[in-house]
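Got some structures for you, see below.
Two complexes, one shared chain (subunit A), two partners (subunit B, subunit C).
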Partner chain A sequence: MTTISIVPIAIIGLLGIGLYALLVVRNLIKVIVALQILVKGAMLAMVAAGSIAGKTEVGASMALTVIVADTIVAVVGLALAVQIRRHFGTLDVRAISTLRR
Partner chain B sequence: MMVHVLIVVGLLVSAIQAIRAQRLLHSALWLAVTSVLVALEMYLLGAPEVAAIELSVGAGLVTVLFVFAINISGEEGLAGERPAPLIVPRPVAGILSLVSILLLIWMNLDILGVPVPAGEPLSIRSVLWENRMVDVLLQVVLIFAGVLGVLGLLAEKPAAEFQSAALRGAEPVHLSFSEEEPEPLPDHDVELEGVQQEPVPALAQEESR
Partner chain C sequence: MIQTLILLVICLPWLGALLVWWAGDSRPRLQHGLAVVFSAAAGVAAIALIPNTVGKEAARLPLPAGGVFGWFSFTPDGLGVFLTAVAAVIGCLAVVFSVDYMRGEAQLGRYYAFVLLFIGSMTGLVLTSNMLLMFVFWEMTALCSYALISFYNDDPKAVAGGMKALIITQVGGVGLLLGAILGFAYLGSLNVDDFLQRAHLLPTTALTVAAFGFLIAAAAKSAQFPFQTWLPDAMEAPTPCSALIHAATMVNAGVYLLARFYPAFENVPYWRLSVMVVGMLSALLAALMALAATDLKRVLAYSTVSQLGYMVYAVGAGGIFASQFHLLSHSVFKALLFLAAGAVIHGLGTRDMLQMGGLGKKMPVARAVFVIGAAALAGLPILNGFWSKELVLEAGLEHGPAWIYAVMLFVAGLTALYTFRCVWMVFYGAPRSTAHAHDAGGFMRAALYPLAFGTLTTWLLAGPFSQMLHDSLPQHSIHTESTGEVALVILTAPATYLALAVVGLGLLAWWQRERLALLSEPLQDVIGLARNSFGFEAINRGIVSGVQSWAENLRDVQTGLLNWNIVGILAGLITVLVIVALGA
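Coming up: the complex of A and B.
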């Protein structure tokens, strides 16, 4: 019962921090950091839900899929950020928009 | 209990530090700390396999990728460039995330009190390979996508040349919007003059008739 009351705080805190950072941050690499924090909250929620429900394996297998997907998102996002940095010379999300005016 | 509290506090602190850090490298390292603590909490929740994978992938591979990408793209903290306003103002972002979090809490409050019937214990292997076969196939596809992403990350010259060539090809189109617009006009004028010059004699002939 103690664990059940503590872990949701971490989940909700991670989700809140990730969402706020995703809205506020302008650096492309930090956007990916914010996404990672958000996904870590979701992952912890899956494992905690499996643990609470007594089916740890189901939650663990779902969290495994999330880990793989999360890593691929980080890889592709970082590749995108590096190429954007090469061509636009900046990582600022606002500066790379070519659709101004 | 004490360990859980410590881990949760450490998680929140390191997540906030990962966002607040001015240097990108510090941000990546705080993210690694967050990942380690998440893995620890998963282990305590009874999922050691996932904890090990999270520890090796989340804290190891992703951190190495972050450091590599920061090394390539340079440490640009955006510190000197303040004038551009944020896309979403900070108070609005805070209110939005707070509201969504409160909504999440409110919608999930009743889950904690409901007793869940305990199923028969399964092993993660049987769950993963029998019940969640589609997930495994999806992971295979995702790993191929990740290989392509690493190729994009490692692409030094060819992709850069290709894309800069593509950009060079695209730039004249952008620039020529102001430059080429005058050019078609003379053509049209010439055509119009030719077109207009022909009817005018015809009209003149008709008028003369």
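Coming up: the complex of A and C.
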């Protein structure tokens, strides 16, 4: 198996795992983990697209930007999870959906 | 020099706004002082700009703004400089008036900050020659008007009035943005002068869409038919703000926009006729509503809509000078009327004309200046409103259809009728309440006297004003006439005497109202319709409740469950992929 065919499989695999997990999990921590997996897939896709187009630096720099944004999302998400656990006493996303009342 | 003046006239009010806000509400004297000083400085800078309009190529103030949008340039041509002077000077007088009117009110910082921001935004709006920047300033004036109308934010009526003004003027903002984007798409430039010079290069459809987009923008901003409903509700604002919105800033922007872009659109089929009809309907309906209203400020608000209708009508007829001259007259006498009304309201504590009457003896100063303003509004010689209204009517007679002219003439009579009804109900007759009333204070007089003087004299500026517009607006083909020539033309035209006769009939109708009472039976239906604002409020309410019920139904989409949201995202992704796959 050459590298070039591993990459698409890895991208699709990471995206698929991430999306599937986001669809089914209900624990907020797991949601954040799933989001991380999903974004890693997208990042890999950017680097791969950059190298296919011959603009490695563009792909790499976009990936770097995503790393920064992604880290912030994870940090804020985890902080929210901590507060939600304290406030509601649970991490189940169904129990904390108070938008519709 | 000119660049500095432009920067000063825009940035001084903004700087003042920041400082007033920073001064804090615990130091009201400092806040009053700062506001007066900065608005007065802006007024002086605006007046200093007036002699600098000619030779405008050298006078551009470009700010680099990246490659895409071109230069954010400011061009002080006659139209812009004149409106800058109106905004800054009348704005300054409104601020001076506020020192008495707002004394002891809470949250002065918020009040003055928005007033000053408003003045600065308006000067920016009329001085810039970049359509994107124009849109930004346009929206800034909308925001300031919203904040000031809702100034008493514990009063639900004030908040509702502010929201209404914001939403309706947003509709207009979309029209302006549409026109600007179309211009950029086809000409590759956002510069106003480029647009005026090369508008004929646009395809007919695009030019028509842009022309009517700008008409919608102007109608929404200037409270013209069918958007006139927001202006009377804006009366919940503190009275100096009403003067600011009606005379110095806000509503003038729409007429300015039409006058500025007139050369680009004058050959668009039906555009000029539409502009004239919009002006006519606004003038007529608002005059009828003013006749039925019993709230002093609402009468003045309807009269603003009506007079703006005259200006829009003049632009449609090609009388750019007439429209701008009437704008100048109207700004002066309407600011005077509003501030005098503010003195009455402040002295009496109510806006209801049914509780006024016979106030003239208690408030001689307010009565004197209000009567001067009212006579100008009615178009009595030799006040400024007379000359400019005659110019508007003559432009309409010369270049517009006769039936619209006839309606406008009829409205001139109605104007005299409702103006004198208002004066009579407030200042003359038997007092209808025993409430204590005090006359205008020192700062109020300091604002009222210059405006009263201006109402008597600004028509003398007709000659220099037409010269200024002629010199700096080559594409508008404006004739220059000296003041004497303008006066001679008006005094020798038969139309003037026809108009005066109609105005006289209007006055006579009020004088003989008891005898005309027999006639008024069938008129009751019209008056009733006018009280209900001819159904426009009902249409507004219908739109609002429609949007609300639609949004209520849309709530079902918001499950609040994360997993369902992911399903939505996935569905969107698949849709995009399918479209890409089919398209490729």
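To be clear about the criterion, the second predicted complex is superposed on the first by the 96 of 101 C-alpha atoms of A that agree within 3 Å, B and C clash if a C-alpha of one lies under 4 Å from a C-alpha of the other, contacts with A are read in each partner's own complex, and residues count from 1 in each chain.
In this section, contacts are C-beta pairs under 8 Å (C-beta built on N, C-alpha and C of every residue); 3 or more make two chains touch, one makes a residue touch a chain.
None of the values given here were measured: they were computed from a predicted structure.
Once the two complexes are laid over each other on the shared chain, residue contacts for A:67 go to subunit B alone; subunit C is not touched. In the overlay built on the shared chain, the residue A:19 is in contact with subunit B and with subunit C. By the document's definition of touching, of the two partners only subunit B reaches A:79; subunit C does not.
Once the two complexes are overlaid on the shared chain, A:9 sits against subunit B while remaining clear of subunit C. Look at A:94: by the touch rule set out above, it reaches both subunit B and subunit C. In the superposition on chain A, contact is made by A:58 with subunit B only, not with subunit C. Legend: residue contacts after superposition of the two complexes on their common chain; A:31 is shown touching subunit C, with no touch to subunit B. Set against each other, subunit B and subunit C differ in how many residues of subunit A they touch, and the higher count belongs to B.
When the two complexes are superposed on chain A, the residues of subunit A that touch both subunit B and subunit C are 19, 23-24, 26, 93-94, 98. Against subunit A, in their complex, subunit C makes its touches with residues 555, 558-563, 566-567, 570. Within the complex formed with subunit B, the subunit A residues making contact are 2-10, 12-21, 23-27, 29-30, 32-34, 36-37, 40, 43-44, 47-48, 50-65, 67-72, 74-76, 78-83, 85-87, 90-95, 98.
Taken together, the subunit A residues at the contact with subunit C in this complex read 19, 22-24, 26, 31, 93-94, 97-100.
Residues 1, 4-5, 7-8, 11-12, 15-16, 18-19, 24, 27-28, 31, 34-35, 38, 41-42, 44-47, 49-50, 53-54, 57-58, 61-62, 65-66, 68-70, 72-74, 76-78, 81, 84, 86-88, 90, 92-94, 96-98, 100-101, 104-105, 112, 116-119, 121-124, 126-128, 131-132, 135, 138-139, 142-143, 145-146, 148-153, 155, 159-160, 163-164, 167, 174 of subunit B are the ones that touch subunit A when the two sit in their complex.
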